[in-house]
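Below, each structure is written out as structure tokens.
The same chain A turns up in both complexes below, where it pairs with chain B and then with chain C.
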Partner chain A sequence: MRRRVHAWDVMILVMLAAWAVPYFWQVRTSFTPDTELLATGSVLPSAPTLLHYRAVAEKSVMPRALGNSVGVASLTTLLALALGLPAAYALARLPIPAKNLLLLVVIASTAFPQITTVSPLYLLLRALGLRDTWTALVLANTSFALPLLIWLLAGFIREIPIQLEEAAFLDGAGRLTVLRLVVLPLVAPGVASAALLTFLAAWNEFLFAYTFTATEASRTVPVALALFPGVFEIPWGDIAAASILASLPPVVIVIALQRWLVRGLVAGALKD
Partner chain B sequence: MTARERADRLAGLAFVSPALLALAALTVYPGLWVLWLSLQQRVPIFGIARFVGLEHYAFLAGDARFWNAGRVTLVFTAVSVGLELALGLAVALALQRQRAGRRLALSLLLLAWALPSVVTAKLFEWLYHPSAGLVNVILGGHAFNWLGDPRLALPGLIAADVWRTMPFVALLCYARLLTIAPEVYEAARVDGAGRGATLAYVTLPLLRPILLIALLFRTLDALRAFDLMFVLTGGGPASTTETLTVYAYRSLFQTLQLGFGAAVGCVIFALVMLVAWAYLRALRGEAATA
Partner chain C sequence: MAQVLMKDLNKKYDEVHAVKDVNLHIRDKEFIVLVGPSGCGKTTTLRMLAGLEEITAGEIHIGDRLVNDLPPKDRDIAMVFQNYALYPHMTVYDNMAFGLKMRKFPRAEIEQRVRDAAQLLGIQELLKRKPRQLSGGQRQRVAVGRAIVRHPQVFLFDEPLSNLDAKLRVQMRVELKKLHNRLETTAVYVTHDQVEAMTLGDRVVVMKDGWIQQVGEPLELYAHPVNKFVAGFIGSPAMNFADVTINDTGGVVTAESQGLRLQVPPAKAGALRAYKGQSVAFGVRPEDVHIATGADPAGLTFDAVVEVVEPLGSEILLDVRAGSSTTTIVARVEPTVRSKVKDSIKLAVNPERLHFFDPKTEQAI
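Coming up: the complex of A and B.
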């Protein structure tokens, strides 16, 4: 079938591109020399520059913060997966006492406001001597990442026809073999979606990171951006460049990994 | 009990225990601890830690700043969520008729949603710049001080929030629309329903459950929102954008009254749980009548 471009399709794309203008404008700002910034005359800068990116790379804590964010978000995702995948399987398929109560705890945990738990977590992490470390952020992020992940994965596992597992049992396979050879391959796309959402949530997280960090040893990208220093006036161009760097993973996810993102987002809401 | 059942029981406990222990340590325990904290006066820098019972809550009852923050939170939540649902629904209906370029459309749509809210705050801070900001330029060279004028700051904040969360509502509605079988529309057409009647009697009723779920998710998120206002306006000017979350944060970590801030945090928690409970009851009633 040949694809034809309809006026309606073009109109919607233009409309949605207009919605994204605040971001495109920041991209423009990041390439605009300081002298042109406060005199908005043209849509595109007359002499695009990489000076803002150079300033961010050489003079700000952003490179360090990017490293911290990659580390914290990846470790949060790995920890939540390691804890959440077995738990999700058990909640979906195995006999567990008080299962409904456990599911309720998981759902209620996803609704916990971070601002409510931030003070006891602060005291807890300080008592453990973990202030200003990756470990503190990974543990704190797990408090919202784990319930979300369990909820999503349990849903994906329930979608797998149970007959496939039963057949494997009849063939004499043990529970772990069934998990490895039947369940895991089938739930892999779901795991990818859930991991993607967890990584994104951890990458974007601000309140915990702002509260539990003190130096560039552990400050993540959102914190570094919120605290971006200006000496005499606000360095709008540098801030724009730093924002574009901070938004690279989300942009990649939205463009290149869109299928998995959408699947995860929709699964959380469309199922009962 | 067969050997397999016994093995399953053991496996279930072994699989679920690590996650439960982590949740107990990271959410349940802090959740109980914060209640206990809210009953104390804790000012760490002066070494003060004493039990005061419900004193903080009694103070909140007559605290003008608290009631202002509550009002700001409710206005922010009601207006943001209302606009997000209306716009999100409209965008989803527009996308339903999209044939070519769906992937690009979703990329453009979801971009705003996927950004860190601190980035959104920085984007809008620049867009709202009184002299060079794009918003004032588009409005014809006015010099509105969006974030500095007490009458404009809350609308400006709400606009930024609608920008970043409308895509979520649109995506949920769009996903539901894609699952409606073409035969349903075919039948409506055969019955002589026009475009308006089809929308009112076919599409919207089918979207109702997902709209309610979007309403729940968005309301809970708006009540808990913190990053955007904290970075964009810091609660100002003159506390016109100070939500309960910002008030709680300032009490906790800027004036360092841990006990008092915990009490505000507990009020937010109660508010969130109350809303969740009310929605779930409404949804259940909905399911019972359907």
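Coming up: the complex of A and C.
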């Protein structure tokens, strides 16, 4: 038994390593001098260099794009949570007519192909004078993130025993106080994971960012990477360094929120 | 402290009529228990009183206020839930202080009240812990503590002991009773356990299918159940029932079934004469059946065969079959009785404690 579990563990490690190879190759490329890039002699570069990172930091639009991405993704997450949490609570707990149908529509709308909304959204945002602004991206990303976020949070809220809320009502709390002091602390892990998903989706979003932006005033990382300038040759090393930089913020956030993601706060609320 | 008045109270869900025309006057400082099988409407009634369920029709008054449209927080009541419903992210202290903080009590008074309640319940040591670090009994105490710190007008208990093991349940039952004697606050307690109902209630309300069946002091319910349901529900082991035919031969009224022929005592004879030739339900409690002695008149005895012997120590329960019939009767007899399975014995009933119920309405005759 123990040996079989062991074999399974090894297999998982091998698979994880296989999946991570492209990422590590990218890391390797970002530290390899241009002259060695096409050589296949060794796994590690003979003379690792920070030249590519310096080029990206000093001569490219990447710093600006990273700033735009952090801004757009953070604002999207905050706005989506501010709108989504009350909506999720209402759908989970309040006596709304045709509630299940409403939830079904919400989840069905996540299946909407993004590409079909690009043209109308573009016309709308241009009419509002929001082309090439953070606002345009935040609004578009939020509208796209909300259905899944509401669906997820409504699920988390429904898992909280309703008696906790009833007890708080009897203790003298109003609906909003209950939401703030009882529901929110208990769904914190759920909120964290929903926020994380929203942030990552906004971070990686390409189609809207490509269509609604025109200059580096609002261009986000995925667009900047796609448009990475190369005149006579493709700067593989610089691109690699740029993509590694682009992947760092999400990685850091996932690690930071990991504790919340796995924490079961509801333990002990009820006799089980 | 306040009285509670329910007038023609009704609750209808889409298809279920859960509570039907409940009229109940709960006196100030009274401990009243709503008891009945699951689905009888007792919890729904309690939740309407708490303000957690809307009232379909009727009125609820707490003190001299009509509370139908008041939200729970304005009713000045506290409730102990079946699963305790402690806030898992707060310490015991914060759990108990929450209601006082919501009502903007000064910090010093909150501290004082929580300490007092904790001392009363013996949980001073636990104030800094989280609910998940407590045992079932401790959580139960905290839940009670959270209710009493507020000094509400009415306590509501929704099956608060049903999650505890048997021994702890008996212990907490006694403590709740002591607590009520000390606090003198009106309490409404819901349970499906008739022993809890009998031991805790100043008065007990027996419910079934949304209707109140009977309201009365525990021993009154026990001695004078108004219908067959209450008779069978209250008391453990339950009352024995048998279908008997009423006969009237020369002024002597008898109740007969296969293997059973009992002379109806004069007090009941008048009313039963109207059922002459008909079948009615006959009921007798196990302790009102005993081993016959010479002093028992022949009209009150019957022959039986012992089927099961249950020695409980302080008493013995004999499951017997009356004569040749299929009717089984449980007799609660002295622990000195040495009957064995398949023994033939003669039993007698206590003539003052016989019950008869109308076959159709099941009302007591």
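The rule we apply is simple: the second predicted complex is superposed on the first by the 238 of 272 C-alpha atoms of A that agree within 3 Å, B and C clash if a C-alpha of one lies under 4 Å from a C-alpha of the other, contacts with A are read in each partner's own complex, and residues count from 1 in each chain.
Everything below uses one rule, namely that a contact is a pair of C-beta atoms (placed from the backbone, for glycine too) under 8 Å apart; a residue touches a chain by one contact, two chains touch by 3 or more.
Owing to the predicted nature of the structure, the values given are computational and were not obtained by experimental measurement.
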item	value
Chain B versus chain C as contact partner of A:124, first or second or both or neither	first
Touched partner set for A:221, first chain B, second chain C, both or neither	first
Partner chain(s) touched by A:170 [first = chain B, second = chain C, both, neither]	second
Comparing the two partners chain B and chain C, which touches a greater set of residues in chain A	B
First (chain B), second (chain C), both or neither touched by A:150	first
Touched partner set for A:185, first chain B, second chain C, both or neither	second
Where chain A meets both chain C and chain B, residue numbers	169, 265-266, 269-270
Residue numbers on chain A that touch chain C, as the complex places them	161, 163-164, 166-174, 177, 181-182, 185-186, 265-271
In the complex, chain A residues that touch chain B	3-6, 8-9, 12-13, 15-17, 19-23, 25-26, 29, 37-40, 82-84, 86-87, 89-91, 94-96, 102, 105-106, 108-109, 111-124, 139-140, 142-143, 146-147, 150, 169, 175, 200, 203-204, 206-207, 211, 221-223, 225-226, 228, 236, 239-240, 243, 246-247, 250-251, 253-255, 258, 261-262, 265-266, 269-270
Chain A contact footprint on chain B (complex, rising order)	4-5, 7-9, 11-16, 18-20, 22-23, 26-31, 33-34, 37, 91, 94-95, 97-101, 103-112, 114-119, 121-124, 126-127, 129, 131-132, 134, 137, 163, 166-168, 171-172, 175-176, 210, 213-214, 217, 220, 223-224, 226-227, 230-231, 245, 248-249, 252-253, 258, 261-262, 265-266, 268-269, 272-273, 276
Residue ranges of chain C touching chain A (in the complex, touch as defined)	50-52, 71-73, 77-79, 81-89, 98-99, 102-103, 130-134, 136, 139, 146, 150, 163
